[in-house]
Structures are given as C-alpha cells and as structure tokens.
Amino acid sequence: MPASYAYLGPEGTFTEVALRTLPETATRTLLPVVSVPAALDAVRNGEAEAAFVPIENSVEGGITTTLDELVAGAPLMIYREVLLDITFALLVRPGTRLSDIKSVTAHPAAQPQVRNWMKTHLAEDVVWESAASNADGARLVQEGRYDAAFAGEFAAERYGLEPLVTEIHDAENAQTRFVLVGKPARPAAPTGADKTSVVIWQREDHPGALMELLQQFAIRGVNLMLLQSRPTGKGIGNYCFAMDAEGHISDRRVAEALMGLKRACPQVRFLGSYPRAGVATKDVRPLRAGTSDDEFVAASDWLARCQDGRF
Amino acid sequence: MPASYAYLGPEGTFTEVALRTLPETATRTLLPVVSVPAALDAVRNGEAEAAFVPIENSVEGGITTTLDELVAGAPLMIYREVLLDITFALLVRPGTRLSDIKSVTAHPAAQPQVRNWMKTHLAEDVVWESAASNADGARLVQEGRYDAAFAGEFAAERYGLEPLVTEIHDAENAQTRFVLVGKPARPAAPTGADKTSVVIWQREDHPGALMELLQQFAIRGVNLMLLQSRPTGKGIGNYCFAMDAEGHISDRRVAEALMGLKRACPQVRFLGSYPRAGVATKDVRPLRAGTSDDEFVAASDWLARCQDGRF
Amino acid sequence: MPASYAYLGPEGTFTEVALRTLPETATRTLLPVVSVPAALDAVRNGEAEAAFVPIENSVEGGITTTLDELVAGAPLMIYREVLLDITFALLVRPGTRLSDIKSVTAHPAAQPQVRNWMKTHLAEDVVWESAASNADGARLVQEGRYDAAFAGEFAAERYGLEPLVTEIHDAENAQTRFVLVGKPARPAAPTGADKTSVVIWQREDHPGALMELLQQFAIRGVNLMLLQSRPTGKGIGNYCFAMDAEGHISDRRVAEALMGLKRACPQVRFLGSYPRAGVATKDVRPLRAGTSDDEFVAASDWLARCQDGRF
Amino acid sequence: MPASYAYLGPEGTFTEVALRTLPETATRTLLPVVSVPAALDAVRNGEAEAAFVPIENSVEGGITTTLDELVAGAPLMIYREVLLDITFALLVRPGTRLSDIKSVTAHPAAQPQVRNWMKTHLAEDVVWESAASNADGARLVQEGRYDAAFAGEFAAERYGLEPLVTEIHDAENAQTRFVLVGKPARPAAPTGADKTSVVIWQREDHPGALMELLQQFAIRGVNLMLLQSRPTGKGIGNYCFAMDAEGHISDRRVAEALMGLKRACPQVRFLGSYPRAGVATKDVRPLRAGTSDDEFVAASDWLARCQDGRF
C-alpha cells in the first residue's frame, strides 16, 4: 500500500500547488479531501500518512479551522511548512472579454484579496457569489454558471479556461502558509532556521498572566513569530494561545522555555519543530548573548562543578 | 429624520435579538444590512448613527471580519457591548418529524455549535448545506428547499415554521458578544465595570517585544480580557493586536497604560471604553494594591510636593 | 593535627558565642584572629579548616569587609549560617555606679545599637571611644582606661567585671548573622529550608539590566532574601551584587536560575547552599505553583516525550 | 549672618578639597564638623545652610553612615554632587626616608586603597594604626606619634610635612562622590545630564517583589545607576533600597516612574534631582525610543483626544 498525503481539495487549488513543492510527493498518493477536519481525521484514523492544509495567510491571519483541529482531538504534529505566494488569475471561457463579465465566483477567502482589483476593473454591478473552492469556481465557469472565476493561473488548463488577467492581488506580499501534519513522531533534525509550534492554556486570569507566560520565551531570548488566541470552548473570553517560536525543541533555550510553560500552565500541547520556510539559515537573526546551546552547556557544566564543590 | 442603527441582517437573526435588548432601539430605525462591512460603512458615510455587529463568540473566537473592519479605515468607536446566550432551535414546516429530515441548513457559523447534536439525533446521511444567514435558512425551509433549519427559536413565527427541538447547543455557555459601533465620540461615563478596546502595532520584532507591550498593562494592574492577533496586510507574520482591557480610559491606570502603549508603538488605535456586559460592578475583581484612582491622585500630589520642595 | 576553625576574635565576643552554638566546635580548635581577612586567609592558605565571621546584621546591613573578601580572591564557600540575638550589657569594674561613668568604650559597630540608650541613661558629657573589639573594650575597662564597656554579658566574668545593666539594644530584633566559610566543597544536603548565596557581575548597563537578572529568579518562583551591591573596583558606579536566594542549588528551580544568571552575566560566583538559620522547614513559605522539583521532573519528562515523538 | 556649609572635617581632608570645587563656597562659611550625622544635624537644626558629605566611593561603595542618615530622620535633599579622584601621598616629617618608616596612620577608609602599595614599598613589620581622619593622621605625624601618614598631598603644607611619595592608589579610577545636602527645596533645573535619588521600602516580600519595583524604571526607559540596600531597623533581612536613577524628576519618564513606585511601595523618600558630576550633557546615552518628554506630551495629547472623542 503506497503512503498517501491527504490535502484540502479539490485538485487545482493553491493547496495542491503548495503540496507539490515537497519533493517526496513524487512518491506519495495525493488524496484531495473536502475539508481541513477531513484531512486531519484521515491522519488520525490511519487513512493517510500526513495531511497538508493551510494554517496562516497574510490576509486572513491564522486559519482558525486548522488551528482548532490541531488544538483539540488526538494529538498531531506539524512536520513541515510551505510558503506560497498567492496571486490570482481571472479565468474565463475562451473568448470572454472583461466587459462581458456579469458574474464572478471564487472561494470566500479570495474575496479580500481581489476586492480592490474588482472595484477598479469590473463593472459596478458585477455579481459575486461564493464557491466551495477556487477550483470549484473554475468548474462552475466551465459549466457556464458564472462568467469568470478568480483562481490560480494553474487551474485554467484543467477546466478548459483561459487566464484573462493574471497577477491579481490587492496586497503586496500575499502569501499562504501550509503545513504538513502527521502523527506524533520524532521532530526533524534542526537546520538552524527552525520554528516550534505550541498551544498553551492559562492557569488563571490575573493582571500579567499572559505576560508571565511570554516571559518564559523572552528571558531565554526566544522570539515569538505568531500568537493566535483560540477559544477553549469553555465560554466567551476563555482562550488558549497557539504560538510559533523561533528555534527547535532540541535547542536548549527552546526546550527550557517549553518546560517553563509546561510547569506554568495547566496544559501545553506541542505541535512540532520544523524548518522555517523562506528563511535560509544564514539569514536567521543572531542569538542574543547567553542563549546559544554552547552557553547552555557551559552553564550546565558550571552548575555541576558548583554542586560538586569543584570551583 | 429619525436616527437609525444598521445591523448585520437579515431580520430574525441572533443579531437582531441582541440589538433589541438595547432600550434605545425603541426610538431608532433598525436597518438590516448584508454584511459587517456594509454596516460599518453605513456609519462611516453617515447613513446610520451606529452599527450593531457580532465581534466575538465562544466557539469561533474573535469575529475577524468585524475586527479587521475596525482596525482599518476611518476610525470608529465601540459604544456598547451586548452578550447573548446562543442556543438553537431546529425549525421545520409544521408536521415534519425528526425522522422526516433529509436536509438541514443554517449559517456556517452555526455548524460547530450543532455538529454533535446532529450526530446524535439526525440520520447519518442527512445533508448539510450552508445558508447566507440563519434567518435565510429558515426562509429556505419555508420555501421547501430544505427540511429543517437551525436558527433562533424566535425566527419560527416569522417564517411560519415550528421549533421541533429547542435549546440545542453543543457547548455549554455558548455566547456571542455584539458591539454597537459609531463615530468617535466622548466615551460613556465609567460604571466601575468597564472595558477598553485598543489595537496596537509593534515597533519591532525582537525577543520579548510583545511581552514588553503587555507589561504596560501588567505593571499598572490592568487585566487583559482579549488578545487577538490580526494580520497587518504587510505580509505573512506581520500582526497587529486587538486587546480588551478591564477598566475605562478615564481610570488613571488604564489611561497611563494606553499612553505607555502609544509611546512604545508606532501606531495605536483606541476603539472605545464601554460598560462590560454581564458583569455587575460589585462582581468586578478588586483592584491590585496601588492602582486605584485615589492612589494615582495621591502619588501625583506627592510628586508635585517633591517637585516643589515641600516634603 | 586537630581541625581548627578561625574566627574573628578576640575571645569573648559575640562571634565566639555564635560559633560555640555549632555542635562540632566541641571537637575543633578555635583560633581567634584579628580580622575578617585574616580569618578567610587562614582558610585559603590551609591554616584553618573553616572561618567563622559576621556577614550581616540588622543595624549595619551586610558586613562589607566579609562580602568583599568573599567576592574577591580564591573562591570560598559558605557552609553554615548562625543567627544570634544581639543585646549588650554595660560592664563595669565592681562597685562602679551609673553616675560614676565618665567614659565608655566598645567596638564602633556597637555604637548605633546603644546610642539611644546612652542618651537616656548616661550623662551628656560621657566620652565614647572606640575599641578594637567589644572584648578589647572590656579589657580596657579592667585596666582602668575607661569606666564602662558595652559588650556581651558573657564577657563580664572573663575580665573580672560586672554587668551593671543588661539587655541593652536600641532596636528590637537586633541580630547578627554569621557564616562558617571553607574551601569549595559539595554543599550540605538540602533540608527544605535552605539558602543559596551567589555574586553576579552585570554584562552591560542599560535600562532594565538588573531587572532582567532578577527575572531569572522571579520567573522560577525563587525569592530573593538579600541583595547587596558591592563595588567591583573598576571605578565609581561599577557594582557587583551579592544575593541570597531561598532554596538549595540542588532544587531544580534554583539550579535553573543559577544557570540563567551564568549565561546572562560575564561572571557569577557561587558562594554556597546551606540551611537557613532560624527557620524550620515547616515554616518555609509554600512554593509557587509550577516550581517544585516534582513539577520540574514532570516537565522534563514531557519534553523528552515531545522530543521523541511520544505524545 | 553669612550662610554656612557644614562638612565632614577636619580641614585638610579630601572632603574639603571636593567642597572647594563648588564656586559658591567662596561666599560661604565652611564649618568642619566631626561626623556625617553632625553635619546633617547642623542642617536639620538650622545651624548650616547645607552639609557636604561623602556618599559613595569606588572602593567601599555606598557610605552607609551617610545613606542611613538620609534614609531616616527629618527629610533632607541632595542639591549637588561632586566627584573627586582619590590619590594618596605618603606624608612624612622633612628628612624621613622610606626605610626610616616604622609606623603609618590614616583614616581606616584609606587602608584598602593603599594596602597593596604598602606591601610592595614598606617593610613587612611596619605598624598601621587608624586615625580619626587623614588630616588627623597628618597632625599625629607632625607631633611625632607616627612616622608617616597617608593623606591628600594638599595636607602636607598645613602640617609642615613633605610628600615622600605621591599618586598612591591601589585601584585605578579611585574616586569618591560627595553630595551637598540641604533642606527640601525645589530641585535645580534639569541640565540634560541629571540624576535622581530615592529610597523605597517594599510592601511585601514575594518572588519578584524587587523586580517589580525595578520594572517601574525599566518600562519607562530609566536607567538605574546605584542600588544600595540598607537595613530598615525592623530586624535582619529587612531592607530598604537607595537608588540613583538617570534623569530629573521633571523628566516625564522619571516622574511617572517615581509615582509608580509611590503607589507600589508603602513608603518612598525622594532625595533630590541634581546634575550628574563628571558627565557632559552631550555624553548622556540616548533615550530609548518612546521615553522623551516630547513623546510623553504627544501621548498625553492623544489620550486627551481619545477621551474627548476627537480621533
């Protein structure tokens, strides 16, 4: 039985394009599924080796469905991340002109990324309707239900459409971050440009409670890259926090910070350590003095000497 | 011309029910509009005196559309908040039995709140389709498109349906928080149980950067009730933070904390001080020693005496 | 050759009384020496097994000579501490009455502890002259050089004097803390009511520099009992800090805090972990949640499981 | 009646030399007194306009007598500080050679500053005896009681001695800091290179208690230059803290920090804001972003606009 990766389908979306940047996909069966929960459940129940889903984008922020699925249920782990530049094409049936377009469709997530472009380039009375996915929008254009769809340019061929306009994106630097998620396993070896994801629940709510948890990172020179609050389901105002920190769980400063959180919090869920996409090791910011592994080892040696009376 | 409040429509949703808990709605025209942006734009362009929109719920967390609309564009201000317990009824055409139901509909936000109930009480092959709003779902049931709709019990009468099951909610304590938003104005007087909302942008990203901003609250004994990261639109990983803090901008501890943030951040947007819904003044937690207005005044007097050499 | 303890002499001082509270002195030769540096040098050059010297008192604070000698030179370690209530007797030659007293003497350190008593009970024109030690003051009274000496009541018999007044102490709770200091050795086993002494040098001087070092203790729930700045000898305004922290170097929270200081500081000198005098284990304040050894071990186990992918 | 300054005498000491660097001494009567308490009492009881006393030196650290007198009793205020390089001369009767010297004297504070020089340049059996002051030591040499005295070179002429060796100082950069102390008055105008002195008492003793107080400075970008613990007289281990902070009480960041301490502490004693000796305004380190008076004013304006609804 060949190993398989489930991914948020259908085929022909940005997710598939991002997934195919992973070299190992050449030897995997890729299974499009209908939702993020379905993708992660496929991993949990053993139907897939891993799932590939979006987790953050530059317009919407954290993808809450993905975060909530990772926060709850049987533990999963992030193995890899992929960053993809997001730029839309306006796909039409061959022969359609801009002025012919009366209706457009796409996944709702596309709307904030093309809204300004639409105002400038399409007629004011053009109707927008949501599709289940950008690929599905393209299919509906193929079927004649709408005149145009916003989707990745790569979707044109599959649906017999042509890209009337390309490189559409309201915001510069629009990107989506995807993660490959699997069952808990030994994290990939550190590369020097790594990221660690974790979810924490607070013990109590007092002035400074969250600040004290962030101190666990700060005092050890670990930079936070993402802090996303998610409801715990225990009523309004009750949140847990998904965090991405620079560094790898095998880095001593990260390991000690995680243990500090573990002691300070009623619950901590480790979500993985993995290479940062889009950052070369040489471009990682220098460590703050006193936080390198060498310095941790030296301090540990010193402590042992003190404990043994050899100083 | 009578003053009007725009609200996220259509009629017959939880939003309208929450809005009608405000006494002044008796003397206002209530305008349902199609989206949160439309509601806020109605305020910005003077078509409405205020807009009433959901901002947080216990299942989804912060309502990102609302937050993003408040974070960007012409400044607006939160005047009031309303908390509403969310519990669903299963609305059907009269005579329909549970076993007759083959298809259900509701707004997608309802799904996580009824999913478990559905698994237990409806057949496995029942089809779920999304509606534009819960009220719209009810209308579609009235029209015969679906067999049942999840919506507020109050929507039954309007659409000639009957509530087959009531009090459906997967999570205990399911609530939604709504805000009444208007143009900048002098905040309502403090009640002793107030909340202050603000959005901050960070100056730079270094280990401890966010922690240092939270210290502005912690050192002055101000409790944070909500911390929600939202993308700045400057590329992935760039976030601003919407925060709700206990207290009122006219409380000295809150005022000083806000000024501290203003100095420490390149940008701060004040979103208002307003009474906390669901909390009586007597139930507000006691202030930490040294953070009451009286103590601020006493310290200020002491400083003046020191500066004048009278000590 | 019998083991010997050097102590700040001469015989008949509070130091000797405090030293004799240690049971093992029954089997040691006790060597009075002329100064704290002489006592510590006796240890450093092997002439004594340990030195017993005052380190802190409730009137003068830290004894700077002792601190400076511990901070510099070959490393030494505190083995034990002893707390002694300090109360003076006014020693006179037999037959002397209060009204006969024209001159008094004592070690300068006694002066702040008897000054108010003198104002109330002795004539205004009584002359005070300093003695090299309280015992030496008693000797000078015996020789007729002065009319009275402030010293411990225990010194009366040795010098043929009588205690005219006893229990003299301006301040309530006047105590002196003494330490038994030896060469670096494995610290005594933890008792549950322990203290750890350390000296740190700062890396750089910026707003918050010292605060960041104190955070190393605070974040791990370790209470500071003493913070004493001492000049580094590198020019005015350059200080190192002698600190006493609650707990033992074998307590995980203390060990981790010490390693944190070691990494953050250019130099750290461990001065020992030893039982706290005057505090029963049952009276030690409860640990802050998340800082016990058990919780450190549990967090460490959790980390190992995360690193191994077993979670 | 001419205004007078009391100073720690006798004449011919470093204190007098430091005092005479103040231009206004030309028009003041200078009164040598026997002790620091006597000098400060002369101010408190109106006999002197101000008192000039040492407060810190690079070998001994804070001068505890001076600190303790400022901490307790009727409030006083530091008006000015003076830094003086300390270097000793070996004063002898004319004709004395180095090899003739069998006994030396000086104030005990001189000893740590000449100890190493003595080891190298004088015979091992030379006797050291303490004098009440360096000037008094010189007088005793004049009278023939000792062969040599360590004192300032300037003392030679007054006592008919000659400086056999000059520029004696074990440590580089040996300096003493003196302060001119008077009754509470409006502090001198800020110069841009100022210092503020304050004493704080802690409210309670818990892990992080002192750290939280230091945060009051750190969060506002105020650098601490001195932190000196002094016993409160309430028993061993009870300390207050004398602190010197960069900046002037009229600097907004310093004022706000002081008020923060005032609220957080049961007692705070302001000891004055005054120009820093030895530092030109241009050499003061740049302020941290967000802590200048302009930024405080801008933040205050912003707050007022928020409170008024004009934003």
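Note that the chains are named A, B, C and D in the order they appear, and that numbering of residues resets to 1 at the start of each chain.
Definition applied: a residue touches a chain if its C-beta (ideal position, glycine included) is under 8 Å from a C-beta of that chain, and two chains touch if they have at least 3 such contacts.
Bear in mind that the values here come from a model prediction, so they are computed numbers and not experimental data.
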item	value
Touching both chain B and chain C (chains)	A, D
Interface residue overlap between copies chain A and chain B, same or different (over half shared)	same
Rounded Å distance, chain B centre to chain D centre (Cα mean)	57
Computed distance of Cα centres, chain B from chain A, in Å	26
Whole-Å gap between the CA centroids of chain A and chain D	59
Junction residues of chain B - those touching two or more other chains	215, 219
Complete list of chain pairs which touch one another	A-B, A-C, B-D, C-D
Residues of chain D defined as touching chain C within the complex	56-62, 64, 83, 171-177, 205-211, 214-215, 217-219, 221-231, 233-239, 241, 288
Contact set on chain C toward chain A in their complex	75, 77, 184-187, 203, 212, 215-216, 219-220, 249-250, 255-256, 258-260, 262-264, 268, 270, 289-291, 295-296, 298-300, 302-303, 306-311
